[in-house]
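Some structures to go through are shown next.
Consider the two complexes below, in which chain A is the common component and chain B and chain C are the respective partners.
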Partner chain A sequence: MTMTESPPATETQSVAPVPSPAVGLYDWISTSDHKRIGRTWIRASLLMLLGTAVVGILIGFEQVDASSVDVFGGDNSYFQLWGLYRFALVLMVAAPLLIGLAMVVVPMQIGATNIAFPRAALAAGWGYLLGAGITVVSVLAGGGWGALDGVSQDEADAIALTLLGTGMVIVSLLLGAICVATTVISLRTSGMNLLRVPLFAWSMLVACTVWLLTLPVAIANLAIMYVDLRGGPLTFGNPEGSDAMYAQVAWVLDQPQIYAIAIPALGIIASIVPVIAGTRQIAHWVMVAFIGVFGLLSVGGWSQPYFANTSDEILYIAFGLAIVLPVFAVIGGAAATLAAGDAPVGLPAAHLLGALGAGVILLAAVVSGAMKVIEPFDLIGTSAHTGLMNLTALAAITAGLAGLWFWAPKIGGGFMPSGLGRLVILDFIAGALLLGIPQVVAGFFDSPDLMVTDIDDSVVDAMSLVSAIGAVLVAVGALGVILALIASMRGSGDAPGDNPWNGHTLEWATTSPPPVGNFDEPPAKVVSEAPLLDIADEEVDA
Partner chain B sequence: MAATTTPLPVAPARRPRTALVGAMLASGAAFMTYIGLLAIYLVERSNASLAGAEWFPEGVVELGPSGWIFWTMIMSIFTVQWAEWSIKTGDRTNGLWALGLTGLFAAAVFNQLWFIINDTGFTLVGSTPEFMFFVLNGAFIVFLIAAVSFLALTMLRALFGQYGARQADGVGAAAMFWNTVCVMYFITWYVVYVTK
Partner chain C sequence: MFTTGFKLYFGIAVGLFIAAIVYGYSTGGGHVGPLTWGWKGGVGDHIGYVVLMGLSTVAGTLGLILVAFRDADPAAQAHYVGVDQLPSTPMVTGSVWPVVGAFGAGTMVVGLALHSAIFVVGLVICAAVAIEWSMDAWADRATGDPAANRELRNRIMAPIEIPAAGVATIGIIVLAASRILLNASKNGAVIWSIAIAVVILGIGTLYATKPKLNKNIIAGLVLVTAGAVLAGGIVAAVDGEREFHPSQPDDSAEEHSE
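So, the complex of A and B:
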């Protein structure tokens, strides 16, 4: 396969990157610069990734031998941290990472000077941090999304706090989504219609719209449970104990809704590959259409337990099968572009590895999801659900990491370490596949979604062990990302120049790091989806 | 590969409508939250009906007061649009009067809701219908307060000249959110009070 290396030495400048101006605490908490706001989201989500990955390891090893290994000191604690891992991975890592990336990159991609409602974006960032903190602390204090052995009064208070924290995180994500979507809708530069919007910005618009239409339903679920916990009659927190509370919001982590978290992954893949290939994306409008179709098929508010009936089951099966098509189409389009281009042969750059890896993981996820909805396989309620969730969320995170490496010159002003990046991303891809696929396979052997007792099946045991190894790799990858980020922040290495990858879209027309306001003067009237290629073509023609 | 900034010709300036777009998205999210609650209400009521149980006792939830709220909200739609149109056309005095009148209608709606809740005698820890009635009305009051706060902020900004004929997007945004809250009530009125 044709691949590319990180930027050749001839294109870098052997001077230190321009450091970001020193900022005080007040600037940090009150900035209205979208790049700083986005960086806050990204750093917080990467720290959450590390914590979540550690919990993932503990859960993985508990499941290797559920009857004799007791990492958590009881089924209830296990259930609480099992829930925390899931909600954290999807709502506190994947979504904030992608929103943070979008907050930095999208305004520049569409030629805007800032994000829409920057103070709201900043408030959303702090709200997310506070909500995530409340959720984690409340779970450690015995809260969570219900209790298997009954809800005591103390637990009811902690559970209420968990619901509040989760609600805060979702509201913050929605506020961030409003800022990003409004930016794409109303702040595009002249000539940039929606068909000419860069694919990452387009995918974020689709994702934010789907999140805004569906996640509020989860807020409704949380609100009902929160009030009911205070003596209401619906008994989600019934004293006999059950996972009824978790079940009310589990639809957020199940298909089709879980796919909504991975919509931006398609946009990142389709943004990186044409740049590496050094050519325009083949059939750009088809990619736009299929990212939109993927978004439509990931709308899953209707699949929550309250609305379950026969017609919903038909929808569930239809959505589960149909969603494979847009993923194949987008990845196929990217592959065709890569093949048609003139990407240099060599060791692939970290961001290309990440983009290709995210595509592979997402394909594994949607194929697993398609198998899950085929009734004879009988995978519903099995560990295939966990596998699907892990694969989808980790595809989104891998794409986010690819974006982090790709847009690093615009995010922080310098490159992310390329050698460490390759290792980290390869490790992350391997970890994601080893974590998720064995869980799907174990589902065929009736391994339950929540394994509190050991399953006497050698295949399930083997799959659990492989899955636990995958969880370790993901955690190592998360640690590697943090180290790479620290190395990047310390400013070591060459200055990237303004357009080190020969990018096609407007974010590459400004300096690295971009100034406050992004552009010294308003960008050109855009006449295609690749304005910088247009300029290069004009220069060649001239 | 280029290592320097690509020179680009200057694009003409555009007037973004961020306030309107943001309000549209926020209104959509608020509406979906409320619709989620309403859907849960309908499912619980349907379950009770299938079990042969009575939802509300006869004569407890009256249509009359809720109808007054309905008509008050209809009037408020006219006043909030009046406010938007007045400020857009530079008639700040009429705009402020219209906003004030909308606020008055909001206070009337709040008062009528309070009366209904007290009149039913429902408690939060009572039966499922009582609980759902409380949750739905409570959520509506939260959105009503949010809409009134938005209108009040808009009124203050209009008062100090921030909104006028050249820039009235903020008023349009507040009006859009207010209208969304009105639609929430119209659906509630039909689902909770008319069809019971």
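So, the complex of A and C:
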């Protein structure tokens, strides 16, 4: 055979030929199996969650008594870790956790044998890990997103590294998003049109599209800042030292863009609740539409307050108010399905707790956001901004944890500990609400967003204390998640079976853990959004 | 003819286009400004107009992509190529190059911030990854037989990879060893050079006299030695060279000052 010969016709076969199962370190770093790649993303993001939560505690207790900066040893160090906490929570924890979950689950949900571009997904995972590592190390070395006391030459190198590390994280996230979105668009099994795509897969398609449309703008912001820092004279930054660098890219952490991180939370809620209820999702297409609307209203690259004040724009106000509607609609749809079904009585499963908790936290976030855009409340520039960011990101993370418990049999082959799971998720929900809501309330009392000066107000002090307790609960929850993950990896629990929750979508049609290639036989032609319920109905009819 | 996905996105695109024009006129747009994207007159409020028109363009583009690919519906694609069911896509084989590429990108990032030499190293790694990744991607689809694909790939790449890897390994070891020798004292450099030579000779002798020795042992010894030399080289490079020529009073400078 010469190399110029045409490829021989591939024999039509039931499933594609599969490589031997991966074992060992080399196979781990060279794998093309989407489940193994996704697990790398998930584990890395959970470790980042623990680290971020610890930084959150330090910031929380620093803010309890802002009259003196005790924990960090100076305003500038405080500012650097304050920035790290925010970017890490959103870009290095919430987004990678959801992408990792999607990389494992979405290909199975749509009946595909693998993710699209598995090598790119692997490169993106390691790129995220390295980018996050570079960012954290650079901040600890004196970098960060600017410097309050002016940028010295040594700090300039570290700051440059922070900017580039952040850029690397975003590029990696976008590469992962391309893989997930392409999978949903182009690898669906026979009969699965876009209205029949499972809601988590649909929400990931919407989320990845929004991220791909908006986050490149953040890369451009970072590039301008880097050129500014290196080339000078400072065009956009403040040479005397300020938070100007952070402010240029802060729109990623503010509304409407921050909501983009929580789009998959709606999909996870809408995937778990019908399974618990044991019935089809009521008005499935309405859920599809409202998840899409939520995504549309979270497109935020156009709202960059540093360059142009958009807070009094009618569009900004409309986006902030209207986004409450899809969240209410999706949560209402899920609640209606739960009421219409026959959910088991007793202690709710950890994943149901997580799904409902994520809904409550997200609702608190969008209501806070709606209040923030109402001008008489005067919340722009206050700690309400931090509260909104915390609530939205923690809603996404809580939903991710719910997904982790729900899809555990397909992710790792076994159950996650249910008792510990309930405790961890309840703790996490309580922590998120206690952390975020007091910050929003403190905003009404003019508590500033970056609080390094003391506010002589007893309400603000009380809210700061409650918020610090919330940060502790979140950190305890993060530690609990790591312990639960270790327990499940030891595999001491019962074998879960193929479909332990009586799931409705195709990921539950394969074994636990799924084989390489996911399905021994290609899934039957899909005729609705709940193919396994269709099969069950056919069997009942027969 | 028009697929469901196209209809959905095209409908969204038209709706947003009309909304952008209405918004443009209602916020002070010129006669035909909102219709001509600002070419003939103003578009009104820039932010709102750009957001709506941008979303319309994106939705329209997605609609065109979906109609071109028949909504990526397997049944429609199978009908298009005249078969009952599309064959499954072969699994992509594992590859270490994505991880190497990520490390190359990380090296470039660090180099961009700290030193141009590190950036060049990252660039070289990324270039090598681009070639290897492209070859792997081609080989995966060359024939229907994975073993034949692997053979084809190795036939092309092995004559390049093996000498290149050899040159790179020797170059790195020589560079690292030279940093150690330049950092060590005058007598220390002699001792280091003898020690390195003895270790290399020892491993070579072991392999020559016991060719049936477990390959993992040989590989482990080589890796540990190379790793130690590399680590020593990095530490020595960071620490800097020893002082070879004690500085002398600069007579010429004094002459100039006179």
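As a working rule, the second predicted complex is superposed on the first by the 506 of 542 C-alpha atoms of A that agree within 3 Å, B and C clash if a C-alpha of one lies under 4 Å from a C-alpha of the other, contacts with A are read in each partner's own complex, and residues count from 1 in each chain.
As a convention for this text, contacts are C-beta pairs under 8 Å (C-beta built on N, C-alpha and C of every residue); 3 or more make two chains touch, one makes a residue touch a chain.
This structure is a prediction, so every number in the text was calculated from the model and none was measured.
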Partner chain(s) touched by A:Ser190 [first = chain B, second = chain C, both, neither]: both
Which superposed partner A:Ala123 touches (first chain B, second chain C, both, neither): second
Contacts of A:Pro522 with chain B and chain C, given as first, second, both or neither: both
Chain B versus chain C as contact partner of A:Gly419, first or second or both or neither: neither
First (chain B), second (chain C), both or neither touched by A:Gly74: neither
Touched partner set for A:Leu213, first chain B, second chain C, both or neither: both
Which superposed partner A:Gly346 touches (first chain B, second chain C, both, neither): neither
Touching partner for A:Gly381 - first (chain B), second (chain C), both, neither: neither
First, second, both or neither for A:Asp228, with chain B first and chain C second: first
Touching both chain B and chain C, residues of chain A: 7-8, 11-13, 120, 185-187, 189-191, 213, 522, 525
Touching residues on chain C, where the partner in the complex is chain A: 4-5, 8, 45, 47-48, 50-51, 54-55, 58, 69, 71-75, 83, 85, 87-99, 101-103, 105-106, 109-110, 112-114, 133, 136-137, 141-146, 148, 152
Touch list for chain A against partner chain B, complex: 7-8, 11-13, 111, 116-117, 120, 174, 177-179, 181-182, 185-187, 189-191, 208-209, 212-221, 223-224, 227-228, 230-234, 301, 306-307, 497-502, 508-511, 520-526, 531-532, 535
Residue ranges of chain A in contact with chain C within the complex: 1, 3, 7-19, 22, 26-27, 29-32, 113-114, 118-120, 122-127, 129-131, 134, 138, 157-158, 160-161, 164-165, 167-168, 172, 185-191, 193-195, 213, 296, 299, 302, 308, 310, 313-315, 516-517, 522, 525
Residue ranges of chain B in contact with chain A within the complex: 1-6, 8-14, 16-18, 20-22, 25-26, 28-37, 39-40, 43-44, 124-128, 131, 134-135, 138-139
